[in-house]
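Here come two complexes built around chain A, the first alongside chain B, the second alongside chain C.
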Partner chain A sequence: MIVAFWPRRLLALSLAAVAVAGAVAFARMRAAQLEDNAFWSGWTLLAIFVVLAVYNLRKRVSNLPLGTSATWLQWHIYLGLIAIALIHVHIGWHLPSGSFSWLLYGLFWAVSLTGVLGLILTRTLPHLLTAVGNEVIFERIGERVVDLHDEAAGIVQGVLGRPEGQVLAGFFIDRLDPFLRRPRWAWQESRERWLTSQCANVARLAGPDLADAVADLEEIAHEKLLLDRHYFLQGILKGWLFVHIPLATMALTAAVYHTGMVLWFRP
Partner chain B sequence: MAQDVREISRPQRWAVPFDAEMTDADVARVIGLPLFARMDAKKFPARMPLDGIVRNDCALRSYSDRQLVVRQGDYGSSAFLIVSGEVKVYLEGDIPEEELGHDHEHPKNLLTQVWRNLFPPPERAPKHLLAVSSGDATVAGSSTVNVFFQDLPAVGKRGGPPPVMGPGTVFGEMSALGRTPRSATVVATGSCELLEIRWQGLRDLRSSDKGFKEYVDGIYRERSLTSDHFQTSPLFAPLGETGIEVLRHAAIFESHGSFEWSGQYKKGRQERRQKRTAAPSNEPEICGQTQAAESVYLVRAGFARVSHRVGVGEVTSRYISRGDLFGIEALHAYIKGNRAPVYGSTLRALGYIDVIKLPLALVARAVEGSSAAAAWLGQGNTELLREQDRAHLAPLKGEMMEFGTESRVYNGTSIMAIDLERCTRCDDCVRGCSTAHNGQPRFVRHGEVNQGFLFPNACMHCQDPVCMIGCPTGAISRTKDGGQVVVNDQTCIGCSTCANSCPYDNIRMVERSHYGEKLVDQKGNAVLRASKCDLCYDQVGGPACVRACPHDALHRVDFPDLLTLTERRDPQS
Partner chain C sequence: MARKLDNPFSHKNSGYERPLKSRLRRVRGRLALAGFTAMVLLLGAAYRQGTGLVTEGQLHSKHAFLSKDCAACHAAGPAAVHGDVMTANCMRCHRDMNAEPHGSLALTAEVTTGRARAAAPETRAGFIAWANQLPGGRVHPATAAGIGCSTCHRDHRGQDAELIGMTEAACQACHRSTFAAFDRGHPDFADLAAQQRRQIKFDHASHYGELFAKKTKERPACTVCHEAPTSAEVVTPRLKRSETICMGCHSDAVAPADLLLLTSKGDEPTGFAQVAALLTKVVKSAAPAPDMAALAKPGALAKVLGAAAPALLADGDRQIGDGDLLKRLAAGTENKADPSTFPNGRWTVANAENEDYVQLTYRTTGHRDARVVAWLAWLRGVDQTARGTLAGADRVAWTKATQALVLDLTAMTAPTVKESRCGLCHYVGVDPATGVFADFAKPPVDRHFTRTYSHFVHASQAEKQGASIDCLTCHAALAAPPAAPADHAKDPRWIALHRERLGQDWQTIGITTCQSCHNAHAVRQDCATCHQYHQSVSGR
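Here is the complex of A and B:
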């Protein structure tokens, strides 16, 4: 089935807005009747936290017919947005008091912000990755970089016997070898220009006989640059989850502890 | 840590016969049947003797009155020879769908799925493989179904009683040879005995005996003309049975290209990529753009490319497949008064194609006599012209059309296309596939990229699954109900024929193991088995890769849907 994204987004946003408006209106009505909002909003929040956390578990059993991961992600996003409004209903639109409340509130915002950041990253970085081209699997980047290093070393070794070969050897030892040793977690905008000018320089010094060898080295260096960009962008796409998930686990643990304490000390 | 190794005999083509119960007497009896008695056993190669084919690729099957033999719509990879008794043939619609009761070979079971997900079982080799040297064998697979009909219609869809076939007749060859669904339902009348020949045997009999080849090809052509293609065509259906009968009489059946096209295609792929604008090589021309139009073509099976010359190259405007027509523009022009129209575009066979060729003037007369057919023609022609314009105007769609035709992606019914503008390269899809298949994913997220879509090496479940062509044991076949192309682990002997035949490199050969022990043959070489995407046909919920993708980036689509996906991206559409 081909999904149309805009109608879905519009519908989900409208539903989330209606849910938030409903919750705020309900809280106001209760407040006007001098009734407490902490109880219902707290339990709803905890339930939302659990649903949000279960998404990660669901991913591990993705072959089970529990709805598609994409549907779960939609719920994850919009329930997360609803939770941001609901936590403020829960604390009565005031800042928290007490250090544990501050910790919980801080954790909540940290999870929410990393979530929003992740959403932005997952919606923007794929475009950049596609523009880089040269599709490569993250786990294979290191292996490919080693291959490129070996290929470059082989090219240089092949011309060592010739007098101009020393130019290439020097270029390899000083410039290429450190660059090709390992993937770099960097975009390196200026490196592209640097590579082109370095290679043009080496081509001039090495003379026409080694022009092909220099062109091959330049190609290798450019492929490495593209691999670095994949390493950088895919690294970010994988890395943000390493921040978001531990924070979410801490927030959920703190929320459960908070609920337990409230229930324990409830008159 | 070194893996334990277990030595077994390397499995051979006939390690698992089609029917283990074929006795010497049965083989002698079959060879004595008129169709086989005419064959010259000496002409068969020593490694594939006639009695070997009969013993290993044939099965004698007994049927009772009203028992189903083959069901219309099922995929089958065998043909039948009537040994004794008679069968009746029912066309589509003769027997109500609910009475046909399509069976599911692999009932989907949620509990098993959950259990296997939590505790993936270790890989086990089939028993017969481990015991090959001791001669232990199992049945490779039978198409016998125990379905009996209470009431069968006395009158068929076409008015008369259903046709009856008697001893010596062969049927089921269209499906076996064309890798297409069965075109009719066949039911036993009284007790009868049939010889079922699996497709590998049929192929070998055809290639070793000229007389058999001529006979089978002859009935294949004849039946292609009499089957239901006209009734399902929007242009011809309104003409009614009488109008269609007139056309049928004047129709000529033609085949173009090579039935076993994949090897040739793989060889030429690189060359074609280098010369993208040159006229496509290895694609026999059926009609030329400027050629005087004399016929209208109806595709029976296979594919063809429709293209136009632009500059020094050709632009593909569409591809046509089963049920499609070519020559519509010329027919339209003829009816409008142009008595010498040209085709206006070039038609080339992609791989292999069967076409039914009809005289243009006769079709024009028939269409003029039917207002519904004439209306369809007017509308169909306008749509075609619009489509051709769009091939030039919508560059992305045009590019994808070119790519899809060039790389023969159009063949897929379930192409895996990953939208790289949405894909975060998280590999959840691969993990999903792995979870669904005991920790062994059936694809790698790697492959060709075109128009921002990645086409990983995952089986596309082709309309024409050429991977099935060479399989010596029939281990790779279509499921009867869904038509997915799957590998039977039990009968795969790891010969790599399917992997070499698949033009898209979508089958991987993996090492077999048995409870963690790697299996090797007497020479110490690993014993292999074929592994490919099975479209999660036995999983509740369908393809796990699609369900696992959090960003709706992974699609399983056919080619028209792929074009729609691409078009959505095109700023000019």
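Here is the complex of A and C:
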């Protein structure tokens, strides 16, 4: 049965809210009986941490029938949200005290916030990429830019025998080659205007005989500009994990250490 | 000038990475490994150096000196060895604090009713059973079994975190559904105060309203007998010394009196003389040990008394068995010769030459005679021992005998006198159910009910509010004698102890007086305002 997007999200959110409310009510009931809440909530949190961490491993073994990645992602998101509430049940709705407690708490929030940030990015950037157009696979952007560079170099080499060819060669060496050599994602609009004006200038100096060559170079430059935009946006989409995952590893390590300490020095 | 184009056209130095999928994952994996390694190194180094980084939350400032010694409080090791180790560790320092729930299982029983004393729950299981039979009492066994110091006092929450405060929710973990708040359904104090034994059976109404008034022509101030409370006082203002207050009228009741210990002619001696006779026989037949079976007359009573003889012979009485002693006592030389042997009252012997008819008399020093008090204490100990072994007719006979003994001791005259002079003011007697009681000392204040009350603070607060209060504002005299509480109507010990109080006394402060300030809209009213969970082992 296919459930529509928003009802599905609402259902999942509702279930997560019910889980949190249940945990809070359970903790209050136990507190009213002078029962400790740290242990059950701690073990639950550790289990959630492990499940959240396994998601990263799950993506590496996509050939195993462990459910779709999308399903895992949904569990990852909602378990993460539940963990944010549960950790406060765990620490009794107080701010932590002591260096290690703050370290663990800070790592938890860093992981949570980067996770939420990643969630927002993965929900918004694809729309921007669609607006950019010209669908490109991130891993192939570099190759395509090299091809564009080689193509531009070929165009310039092709006109070197002509009297105005030196003008085009100078333009390539001084302007176009540095532009094509590395990603240029900052100030895209001003760079676009810069490219247009540069190409207009070189077209005027090169004369009508090389107008076609100049037009080809301008087209290459603009395509590279689009590729840079893809490179930037897709880089962010993939790059936030470079922050999220190491932080998650550190948090999980600290949590395991915390568990060991508590078990060893149990009241 | 021709430009060199070869190198610029090459793309070997491209700024673009060629990030294949596997490479991305490899980098992420390395970063994760780096994060793990960094944490391990960080925590490992911190642990080795013993820095505060590895501690689980900051300790309260009072416990800061323990911050690097986890094992000082926690049981380090596998979970199997934990249990109550931490509470035991707490008590290593907090020795004067009772760790049991309320800390009052023994103390409260001592200072409250006979009913509570009889039901004194000295174990957790006993506490649970006892609490569960109270109205509204529902103590969850798991909760009660698991109560340790850390159940309520959670440390590792910062050096300034609340460590000793108690919430109403914590109290109501056990005390459930009895009432909503102090100003909504709290039991009246009268029921609680009626269970408290006082030091003496003092009748305020007759003394204050009639006797004093006859003597002084006007009602005296409360401070004639009670010291004015200070900021350090708790509930009960101290009573001035009885010698300066009570003896003004009651000096005759505590004057030196003769206590006939032994009459050995004719019929079997009775009362305390019986004890003394038995003990004399014990002593005379000593070396080797007396044959207790031969002393088994009358029945089990003699056995118990015989077994207790050495205790009675303690102190100066050990020379009772000396045949010459009686003669010396008769000649009146013994008391003069060695006052240290008989530091208390005076001993006299009648007809010492004839051992078939001899009377041994002890003349008390008057009020607070140490020997009489010691004998009562001894008798109480013997009584407790005997009650553990006697049953049926023996127990009844024992009770009658001890009643006679106590009467003899406290009447301080011949056994024909049937009124206890000590018992005029003190709680001395024999309860058929629980035995001999002789409570001369001021009972310890049950701090469970009186945590922080201060007359001084309350009076000064009232003054700040523009109100003028004096003793009578709260402690009104009773217009009519109160009836015995229904649940004590069939409790002979309670009636014996509180017989006089049932007639006339001061009215216990009404709860509405307190509720006028301690309510949801004014002064705090949580349980810990007045009640104290812990009591010190010393009862202070």
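For this structure, a couple of remarks:
Throughout what follows, the second predicted complex is superposed on the first by the 258 of 267 C-alpha atoms of A that agree within 3 Å, B and C clash if a C-alpha of one lies under 4 Å from a C-alpha of the other, contacts with A are read in each partner's own complex, and residues count from 1 in each chain.
Basically, a contact is a pair of C-beta atoms (placed from the backbone, for glycine too) under 8 Å apart; a residue touches a chain by one contact, two chains touch by 3 or more.
On a predicted model such as this, the values are computed, not experimentally measured, just so you know.
Superimposing the complexes on chain A yields a three-chain arrangement in which chain B and chain C fit side by side.
Touch criterion not met for A:F39: it reaches neither chain B nor chain C. Judged by the touch definition given at the top, the superposed model places A:L125 against chain B, while chain C stays out of reach. Touch criterion met: A:V146 reaches chain C, while chain B stays clear of it.
Of the two partner chains placed by the overlay, only chain B lies in contact with A:S69; chain C stays clear of it. Considering which of chain B and chain C touches more of chain A, the answer is C. In the overlay built on the shared chain, the residue A:R182 is in contact with chain C alone; chain B does not reach it.
Of the two partner chains, both chain B and chain C are touched by A:F138.
Using the contact criterion defined above for the overlaid structures, shared-chain residue A:I245 touches chain C, although it does not reach chain B.
Aligning the two complexes via chain A yields an angle of 120° at the C-alpha centre of chain A, spanning the centres of chain B and chain C, rounded to a multiple of 10.
Using the contact criterion defined above for the overlaid structures, shared-chain residue A:T253 touches chain C, although it does not reach chain B.
In the superposed model, A:S97 lies in contact with chain C only, and not with chain B.
Nearest C-alpha atoms belonging to chain B and chain C sit 7 Å apart in the superposition, given in whole angstrom. On chain A, the patch touched by chain B and the patch touched by chain C overlap at residues 60, 138, 238. Remark: chain A residues 2-3, 5, 59-65, 68-70, 72-73, 122, 125-127, 129-130, 133, 135, 137-138, 234, 237-238 touch chain B in the complex. Interface residues of chain A facing chain C in the complex, by the touch rule stated above, are 31-36, 56, 60, 92, 94, 96-101, 103, 138-139, 141-143, 145-146, 149-150, 153, 156-157, 160, 166, 169-170, 172-173, 177, 181-183, 231, 238, 241-242, 245-250, 253-254, 257-258, 261-267. Considering their complex, residues 110, 113-114, 117, 420-428, 431-432, 435-436, 444-446, 449, 452, 454, 536, 539-541, 544, 546-553, 555, 557, 561, 564-565, 568 of chain B touch chain A. Within the complex formed with chain A, the residues of chain C that make contact are 2-3, 5, 8-9, 11, 13-21, 24-25, 27-28, 31-36, 38-40, 43, 51-58, 70-71, 74-77, 79, 82, 86, 140, 142-143, 146-148, 150-152, 154, 156-159, 161, 169-170, 172-173.
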